[in-house]
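Across the two complexes that follow, chain A remains constant while its partner is chain B and subsequently chain C.
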Partner chain A sequence: MRTLLGTYPLLNRQTGSWDDAQLFSPISQDNVDDFDKLWRPEFASRLALARSRRETLAEANLQDAHWDWPGKAKDRNSRLDWTSFGVECDSRTQGLMFVGLASFAREPSQKGDHLAYIDLLATAPWNRPQFTDRPIYKGIGPLLLGTAISLSVDEGFRGRIGLHALPQSEAWYRNVCGMTDLGPDPAYSNLHYFEMTEAQARAFVANQHK
Partner chain B sequence: MTEKRTMTLNLSGHEMAVLERLADDRGMSKTALLRQALRLYQSVTERIEKGEKVFVEHPSTREKAELVVL
Partner chain C sequence: MRERVRGKTMKMLITPDWLRKRIENDPDIEVEAGGPAALLESLGMFIPGDLAPADERLKVAFGVVVRQLRLREELTVAELCVRADVPEEQLRSIEHDPHFKPRPRTVYQLADYFSVSKRGMMKLSGATRAFSPEFKEAAYRFAAKSDDLSKLTDEERQILNDYVKFLNDQSE
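Let's turn to the complex of A and B:
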C-alpha cells in the first residue's frame, strides 16, 4: 500500500520559491504513468536533439533514458528485498528510486555488513541541467539519497548505502555526497561502485540540515 | 518507514542463541535480522520457483554448490 512518508521543500529555480513535494513509497501506477506519458517523450525529443548536435548521452544528461521503471515496478513491488520511492510536486512525478535490501558492503571498514543498495535513482528530465537550459526543481537527488540513508538506519544498517554510478553522476556522488569511490566494477559494465559508511552518512545528513 | 505489526515468536533455546549471536555479530537488532532473513528467503525461493538456480562459490577453489530450498 502506498504511504506518504513526508513533505519536503524543493527549490523551484524558475520562480525562486520553495514548493512542497510529497515523498511516497512504493512507486505507484500514477508514477509509472507519469514516466510513460511525461518522461519518455522528453527523453525521446532530447535524444533526437542530442544526435543532431552530436552530443554524447552524458553531455545531454541522458544516460539513464533507457531505464525500465514500469517493468521494474511490476517485478519488484511485491518483493521484500526491494523498496521504491516517488517524489511528487506540481501534480507530477519529479523523482524515482529503487533500493535493494539484500546487499553486502565492500568498503574495507564495513565489508560484509548489510547496506541499502540504490539500484536506480533519477530526477525528472525537466529538472536536469544540460538536459534543458531551464531546469525546474533542485534538490530531488539529495532528498532521495537522504531517504535511502533513513531507510538504511530504519533497517538496522546504520546509514550504509551503496550504488553503481553512471559516468554523468560520478562527480556528484564523490564530491557532493562524500561517498567512497571503489573504482570500476567489471561485473557491472565497469561502472564505478560507491559506498557511504555510517560516518559519511552522518556527515551527509548534517550537511543537508545546514 | 511503513506501518509495522507485532507478533509473538516462539524459538528454542538454541535458535534464540543463534539469533542473538548473528544479531550481535551484525550489529543489528533481532527484529532487523529476522526481517532481513525473510527478505533473503523470499528472494531465494522466488528465484528457484522461476527455475533459476542459486549457488554458493568457494572463494579460492571456485567450487560451486547449489543451494536447495525445501
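Let's turn to the complex of A and C:
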C-alpha cells in the first residue's frame, strides 16, 4: 500500500517560494505515468539540444535518461528486498529513488555489514541545474538521501548506505554529503562507488552544514 | 514522524526544518546516482519500460531473425556468442523463448555483429514500443514465412535478406 511518509519544503528557484512536497513509498502508477509522459519527453528534447551543441550526456545531465523506471517499479514493488520512494510537488513527480536492502558494505571500517544500497536516485529533468538554464525545485537530493538513511536505520543498518554516483554528482556525495569515495567500480561502468558510515550518516542528518 | 512502509513502521530522521536549512546551505549541484546510459549515446534512443503488454509476435520475429542470421553465417550458438560477445544463455533464450526480454546490450552487440540496424533490432526485441503498423506487419510476415530449419533454403535466405534491408531502412 502506498504511504505518505511526510510533507517537506522544496525551494522553487524561479519564484523563491517554499512549496510543500509529499514523500511517498512505494512508487505508484502515477509516478510511472509522470516519468513516461513528463520526464521522458524532456529527456528527448534535451538530448536533441545536447547533440546540436555537441555536449556529452554528462554535461547535459542526461546519463540516467535510459533508466527503466516503469519496469523497475513494476518488478520491484512486489519484492521485500527493494523499497521505492517518490517525491511529488505541484501535482508532478519531482524525484524518484530505489533502495535495495540486500547489499553489503565495502568500506574497511564496516566491510561485510548490511547497508541500504541506492540503486537509482533521480530528480525530474526540469529540476537539474545542468539540464536546464532555469531549474525549478531544489532539495530533492537531500530529501531522498535523508530518507535512505532513515530507512537504513529503521532496518537496523545504522545509517549505512551505498551508491554509484554519476560523474556530475560525485562532488555532491563526496563534499556535501561527506560520503567515502571508494573509487571507480570496474563492475559498474567505472562509476565511483560511495559509502556512508554510521558516523557520516549521523553527521548528515544532524543540523550540521558545511 | 512515524509512518508505515510496506506493512512496517519507518521513522523519518529528517524534519522539514532540517531540509530547509540544507537547501539554504548546500551548493546548487547535481545529485543523480545510478547506471550510465552506455547504449543511449550510440543508439540515440530511449529504452522505455514495458508496462504495456509485450508484443509476443514481434519477439517471435526477433528470435527468428537472430537465428536465421546466425544460420546464414553458418555459426553455432557458441561461436556467435564468442564473436558477438554476448552470453550464451541470452542467445538461446532469444532464439527459443518469445517471453524472454533480452538485455539492450545483447541486442546491440548482435545488431552490431550482423551489421543490422540497431534501432530496428531494438524495436523488434521489444526494448522500445515506438514502432509503426508497417513495422509490425513486416515482422509478422517475415516470421510467418520463415521455417525453423537447421539450414536456410535459398528462398529463406532471400526473405531474410529482404527483411534485413527493411530493418536497415528504418528511420526514427
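We adopt the following convention: the second predicted complex is superposed on the first by the 206 of 210 C-alpha atoms of A that agree within 3 Å, B and C clash if a C-alpha of one lies under 4 Å from a C-alpha of the other, contacts with A are read in each partner's own complex, and residues count from 1 in each chain.
Basically, a residue touches a chain if its C-beta (ideal position, glycine included) is under 8 Å from a C-beta of that chain, and two chains touch if they have at least 3 such contacts.
If you're wondering where the values come from, they're calculated on a predicted model, not measured in any experiment.
In the superposed model, A:W172 makes contact with chain C only, not with chain B.
Of the two partner chains placed by the overlay, neither chain B nor chain C lies in contact with A:N31.
In the superposition on chain A, no contact is made by A:T197 with either chain B or chain C. Looking at the shared chain after the overlay, A:S150 reaches both chain B and chain C.
In the overlay built on the shared chain, the residue A:T180 is in contact with neither chain B nor chain C. Number of chain A residues touched is higher for C, counting chain B against chain C. Touch criterion met: A:D113 reaches chain B, while chain C stays clear of it. When both complexes are overlaid on chain A, the residue A:S103 reaches neither chain B nor chain C. By the touch criterion stated above, A:R158 is placed in contact with chain B alone, chain C being left untouched.
By the touch criterion defined above, A:Q94 lies against neither chain B nor chain C after alignment on the C-alpha atoms of chain A.
Note: residues 1, 3, 5, 25, 80, 83, 150-151, 154 of chain A belong to the chain B contact set and to the chain C contact set alike, using the contact criterion stated above. Chain contact summary for the complex, chain A toward chain B: residues 1, 3, 5, 25, 79-81, 83, 101-102, 113-114, 150-151, 154-158. Remark: chain C residues 1, 3-14, 16, 18-41, 44, 46-51 touch chain A in the complex.
Taken together, the chain B residues at the contact with chain A in this complex read 1-3, 26-29, 32-33, 35-36, 38-40, 42-43, 46.
On the side of chain A, the complex with chain C involves touching residues 1, 3-11, 13, 18, 23, 25-26, 32, 36, 40, 43-44, 47, 51, 57, 61-74, 80, 83, 118-123, 128-130, 135, 138-147, 149-151, 153-154, 163-166, 168-169, 171-173, 176, 188-189, 191, 205, 207, 209-210.
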